[in-house]
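Sharing a structure here in structure tokens format.
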Amino acid sequence: MIAPTRTSAEPSARASEAGTSGGFGVVLRGIRKQFRAAVAVDDLDLDVRPGEFLTLLGPSGCGKTTTLNMIAGFLTPDRGRILLDGQDVSRQPPDRRDTAMVFQQYALFPHLTVGQNVGYGLRMRRRRPEEIRTLVADALQRVGLAGREGDAPGQLSGGQQQRVALARAIVVRPKVLLFDEPLSNLDLKLREQLRLEIKHLQRELGITSVFVTHDQTEALVMSDRIAVMRAGRIEQLGAPEQIYHDPVNSFVAGFVGQSNLVTGTCTGAGPEPTECTVRLPGAAHPVRARVVGAGPPEPGASVQLLLRPEALRLVGPTDPPAPAGVTLDGRVTEVVNEGSVATVVVRVAESLRLRVAVPDPASRGIPAPGGEASVVIPSGIARALPS
Amino acid sequence: MNTRVLRAALRHRGTWIILRGVLLVLILAFIAVPMLMVVWTSIQPDTYPAFPPSGLSLRWWSAALTREWLLPMALSAQVALGSAVCALVLGSAAAYTLARGAGRGRRFLEGFLAAPLLLPEIVISLAVVQLVSVLDARRLIGPVLLVATHALIGIPFVLRTVGVSLLGVNPVWERAARDLGASAWRAFYTVTLPLMRSGMFAGALFAFIVSFNNVELSLFLTSRDANTLPIRLLQYMEYQYSPTLACVAVTSVVGICAIAGAASRFVRLTDFIHGEST
Amino acid sequence: MTASTAISPARSPSRPPTTATRPGFRPAFPWLALPATVWVLATFAIPTAILLASSVLTYDGATLTGPLTAANYAELFGNGYFRSVLWETVWMSGTVGCVCMTAGLSVAHFLVRSASRLRTLVLLIVISPLVSSVVVRTYGWLVLLQDDGLVNKALLAAGLIDSPVPLIGSRFAVILGLAHVLLPFAVFTAMSSLQSVDPRLELASRDLGAGPVTTFHRITLPLIRPGLIAGFTLTFAISLGAYASAAVLGGGRVQTLATLVRDRMVVSLEWGQAAAISVVILAVGAVTVSALLVIGRRSRGRRG
Amino acid sequence: ACTSTSVDDGEGDVLLVEGYGAEYQQLFEETIAKPFTEKTGIRIQYTAGGSASEQYAAIRASKGNPGFDVAVMTSMELYQGGIDKLLAEVTPEQVPNLANLPPKLREHTYRAGAIQEVQQVVLMYDRKAFAQPPTSWNVMWEPRYRSGTLVFNPANVLGVYAMLNAAELDGGGIDDTAPGFSRIAELAKHALATPQASAEAVPFMQKGTATAFPYFDGRAAIYARTTNYDYTVPREGTYALLGALGIPVGAAHKEAAYSFVDYWLSADVQRRWALAYNVGPAITGLDFPAEFAAKHITTPEQLERTRIADAAKVMRNRTAWGQQWAEAVR
Amino acid sequence: MIAPTRTSAEPSARASEAGTSGGFGVVLRGIRKQFRAAVAVDDLDLDVRPGEFLTLLGPSGCGKTTTLNMIAGFLTPDRGRILLDGQDVSRQPPDRRDTAMVFQQYALFPHLTVGQNVGYGLRMRRRRPEEIRTLVADALQRVGLAGREGDAPGQLSGGQQQRVALARAIVVRPKVLLFDEPLSNLDLKLREQLRLEIKHLQRELGITSVFVTHDQTEALVMSDRIAVMRAGRIEQLGAPEQIYHDPVNSFVAGFVGQSNLVTGTCTGAGPEPTECTVRLPGAAHPVRARVVGAGPPEPGASVQLLLRPEALRLVGPTDPPAPAGVTLDGRVTEVVNEGSVATVVVRVAESLRLRVAVPDPASRGIPAPGGEASVVIPSGIARALPS
């Protein structure tokens, strides 16, 4: 049922398309890192496929940066091994690893020009000056800053500085590109623009990339795969669609996207083996829900349902017929209109409030608070999560 | 060893770390050993401490803890206290203006107030003596001028420590206080002052220490009634070479450490190192 | 005891002014700096200015008389001995400045960049000399450096020398003593400028393939250069006028401008000369300081 | 008097005396101050200041009002004080006992003070190193002894006299110091140390590392008793240092000062002080034990033989000598 | 055509409902403020109605904070007058003005407890201690922090700290509440929650409020009226719907919400007096557009059209029939899927790319890049802006 919404071909395929050998990849095995009291990363296994764009997504303090720093070599894992391109680099210093990092605060060398910044890694690799010049010019060209070699980093805007940092990282053609929330410091519009630029560049060069963010939209939009982390562990690893539509638990569901997480009672197994039927308070009919993760719950057990607000439909007295599904009647308690979309909160029962996203409210119209409204749960959208 | 090999060796993490460690230990020994020497001299029996030491003895302490030394020590403490208070008041006030001011005037004022540190103190001492001679105000020589000039070099310390703690005082807090109905003075008194207290503490402590130990500035400014401990020690060294000196030194160091230790319960003395300068 | 870290360390160049330091919001009490200013004027600026002036006048006994004359300077600079003391003082102060800057940087680097548990101990050791007067510390050196002191004993035992080396009264002893006195301040200056360097820049450099030495040399060092210059300036300027260390550890054999001032002031009673030497100390200090500040600013300016 | 407010409140007269520290101060309190107070009721406050030249620097810097009444100095400072007119005139009218001073000493008071003691520069030597007491200053240059000698810095007058003595050995003198400095230069290559203060010589005596060196007889006598050293006046003769008392023109208690100076110059005090401090008295012809008389200047003949440096020349050349010395020992 | 989507009654009515006298309001007349070179606020007139929640919205540096600071009294205007509740306070210091500000970085006094922070304004007003205690407890209760008086501000999370700041401001019952981007420091989820809490509290107390933000969603969701600022001037002042749907120029249109701003040629006046018809490249029929701001453009003139992405409809070969309107055929060049909504970029002509928002892409389906797609511009949604 997941629509072919991705523009991406398979990552490994792309990597070989882009001409790189396709042999690169990052493998973490049983990685653990502890700081004094806190275990930052706990027994982490992760395979980043060659050429893939993998995002570590999670709330603050879940260990994303720590993981990235261990890949880069800034931190040494307490336990476990890190393989870059098949080689164990766990004990190697950062300068001996073929990674390149793009930092949140750019980390451009303030005493060097843009050109010198970009050329730094090449100089460390003892390339010839003319060669450096050419490669730097090319890299700057790629990030849309052709000819800015002579500028001081301080003269550039935030977005431009992050582009320079990107050029500095890609110019050495690292085996792995690492990004630590590179866009968090930028304005929304700029952020949206740079997301796409980074994604395009990565795809073009085919460099394996690990991207850290706590912004779920960023993760969904940019990644080939997303690893959702919590408290030093990976909760779920999968393609963006999978993470969004089939979260393995309520943490992932709540963290990625808006969600209604409602509790109902299992009334039996569904027609399909991976389905069950759930009765919600105030609902005439049970809802059919796909079971994610563990096996179907016992009848009578309480079940958590994930209902994405945008998948629910509102049926006013005057509205066109809604798609097939279960209809719940209730009263509108709150309307939050953001212009392009409005969120309508409908109170179905004391214990059941549903947020329904109404796109383009101006033309579709939305009910006033206090009025009556019916919510349709179209069939096929509900997911039952292990509670 | 050619540079290539050396560089390769240095690139090796272990070598680099060991080299740095050895250097660090040497530097720390350089700092600590002379100090330990003084302590040790004070508790061994020989006039000319020998190696290896011939034993332990407290015989020098009886001479050290006499009026001859306790009086200058007391005077030094008084002068240090006085100048620390002056430096604290003057310096904190100026630090506040500097922290909240801007522009070229600020830079100039900052430089002006710190300038005494860049001039040899012996020159300042001479200049002050000369001025009071010209003005026929020699009677000021002694505690008055000691306090005045010691405060002069205490001010930059207070400027810095208070400045650093003011960096941590968000001006928005003062604005919030004004907004909530506090007058400028009350906002300062209820918000800013409590928050710069630790910087003031540290600054006053440094000003005290700097004054208590001062030699060069005091050189021409002590008088018969007012001979500070360091000057007294210096004079004594011209007459006699005796471990009594070490005892006196240890006593004063222990005194200051006690004060500093007590103070460090209220402030972090290393705070003034951190952050940007005022 | 002299000195402090009041010379501004490197301000991180990319940091924008905070709202508070932007013009527009007037400080609540702009006149608060006035008392300190008056104090510094009265106890420092005015006396020093008069001292400068008196070096071009004549002393008759204890009384200043006119007319303007360059005699004091002519006498000083006509004197080979004075010139050699001048040169020696500058040279020793420069050495002290370099030693302090280098050693201070090593310690500061450890304190700022290491995560070691020993940091507190190291910091305590670094601060410890501040609580004792220069006389006390010099006394410690005296005990160490005398003919049968620890140093000579150790050298003898190691077979490096066969009779004690007279260390007291050597330039070496004076430099050692001064560096010891001034090292804490060099450490503090270096610390605060190191702290303003974003550690991520060093990580970025390592990440791009530079080893620790190269990273230090190409990234850290250029960024803290203004701070290092400030540290050098501070220790150099203080060394120029330091009296106690030179007097005691120099054992009367090592003359510096400061001991010369005191001799002229107290022993030979040539006050005009004392004033003139003070002016020379001042001038050397001022010229060096401003030259270094210009260099420091230029190295910062290049960054835009 | 403003500077002394803290000390002369009530309880009778007070006299503020500033002089040397250490054992000089101790002896002064016992031998001079206590009996003087008993006799006159004037309390003496003694403060250890710096060296003689420092005392005078204080007088000069304060234009004659340094906050003390009497300074223990040397004849050099009396000379300078006379010129600067910063020391009160001292004549037999105010200080009758001054009249008892031999003319040779009187002329070195420059009417600006009184001489109260005559120290002479002696040769201090290690008894173990010399079977017989040395008889010439020359022993210091002998290869056997030169590594144990001390070359005093002329910032201290002892250094000045040592240099003059050296100059005389080669026919020089106060007007021709070049031979003195060349001898110092030679000696400095081997010497044990170059002390600034006489106190710095003490460790070398206690440890027995010094061989022979010039010293003042006052201190010399102390260490002749406590260490294995003794002292002698070589046959070439020597210089004397004239201890002097000066009264700043601005002194608050001038009358008391005059009577104090007069007291010190009285015959029995002179004798007592000479014996206590092991120096020659300022008055000749007093009775001393033979042993004492042999080692200190007590008779007119001894005084006549002893050289006294011309204060004017010394003051004029002090800076130059300091420099020449520094260059010689460098 | 603006649907009755607001939950709010008229602001002034609400204010009197809430029991406040209704006489409060802020009036700015000809305000100007210059810093050195830069004119931060330029000849600004603004009437904030009593009890109203008015938002100053604009890009960084447009003078929002400066305006707010002048109302609070932290800055003195170079020219012009500020009236609070009818009284000229232009030259009064902040402590003499009955305003209370909530700052971006909370600005809680770190050395005081939560209770002392909230009570600070009352203490300055010399209220009795028992009274202060009661009022503080009440204010904390209102922001959901009852009983936290003794905590240190540093122990609280960002959201809690901002709630304390809010309590500190409302407890003195100021005539005007001022907010300077109070939510910018918070995480998205928390931000969304606090928006509503602040709005509810303000409505309950009926305190006139001026709110500064550069987040358009925040402005749209919270405000009674929005003043969109640019370079020290107000570009448009109006209700959120008006700002969103009838922006007076392309700056406002571009700043508020996602937008397609496309250039077409005017073909004539529309059937209604405020309409015109515009031909777009690649379109068979002209588009009818409402003219905002100035009068209708001359036929033949080039016109800028605002088309909100969520108002456009995508018609694939298999899709249900779209609403009536003008259809443009093109090719999909890019798809950005955020989970709840996907943005599809359709290239209609070289000079015409349209972004179309597809809500709930999972169930509606979205075309793959490179495929053909038709975009329908439903009638009534286009706006013609003065260029």
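Lettered A, B, C, D and E in written order, each chain numbered from 1.
Going forward, a residue touches a chain if its C-beta (ideal position, glycine included) is under 8 Å from a C-beta of that chain, and two chains touch if they have at least 3 such contacts.
The chain lineup, named per UniProt: A, E = Spermidine/putrescine transport system ATP-binding protein; B, C = Putative spermidine/putrescine transport system permease protein.
Quantities reported herein were computed from a predicted structural model and do not represent experimental measurements.
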Touching both subunit A and subunit B: give me those chains, sorted by label.
C, E
Per contact tally, chains sharing the most pairs are B-C
Please identify which chain has its centre, taken as the mean of its CA atoms, farthest from the centre of subunit E.
D
Whole-Å gap between the CA centroids of subunit A and subunit D
92
Whole-Å gap between the CA centroids of subunit B and subunit D:
39
Distance from the CA centroid of subunit C to that of subunit E, rounded to the nearest Å?
57
I'd like the Å distance between the centres of subunit B and subunit C, where a centre is the mean of that chain's Cα atoms.
15
Which subunit C residues sit where two or more other chains touch them?
22-23, 25, 62, 148, 211-212, 265
Each of the following residues of subunit A touches two or more other chains, namely 93
By the touch rule stated above, which residues of subunit D touch at least two different other chains?
50, 61, 63, 196, 207
Can you name the residues of subunit B that touch subunit C in the complex?
7, 10-11, 13, 16, 20, 23-24, 27-28, 30-38, 41, 48-51, 86, 89-91, 93-94, 96-103, 109-110, 112-124, 126-128, 130-131, 133-134, 148-149, 151-153, 155-157, 159-160, 170-172, 174-175, 184, 187-188, 206, 209-210, 212-216, 219-220, 229-230, 233-234, 237, 245-246, 249, 252-253, 256-257, 260, 269-270, 272-278
Where on subunit B does subunit E make contact in their complex?
170, 172-173, 175-184, 186-187, 190-191, 194-195
Hey, which residues of subunit A end up touching subunit C in the complex?
72-74, 93-95, 99-101, 103, 105, 107, 109-111, 120-121, 124-125, 152-155, 168, 172
Of subunit A, residues touching subunit E in the complex
1-7, 60, 187-188, 196, 215-217, 220-221, 240-241, 244-245, 256-258, 308-311, 334-342, 357, 359-363, 365-366, 368-369, 378, 380-381
Where on subunit C does subunit B make contact in their complex?
1-9, 11, 17-23, 25, 27-33, 35-37, 39-40, 42-48, 50-51, 54, 62, 64, 103, 106-107, 110, 122-123, 125-137, 139-141, 143-144, 146, 148-150, 153, 179-180, 183-184, 188, 191-192, 195-196, 211-213, 233-234, 237-238, 240-244, 247-248, 257-258, 261-262, 265, 271, 274-275, 278, 281-282, 285, 289
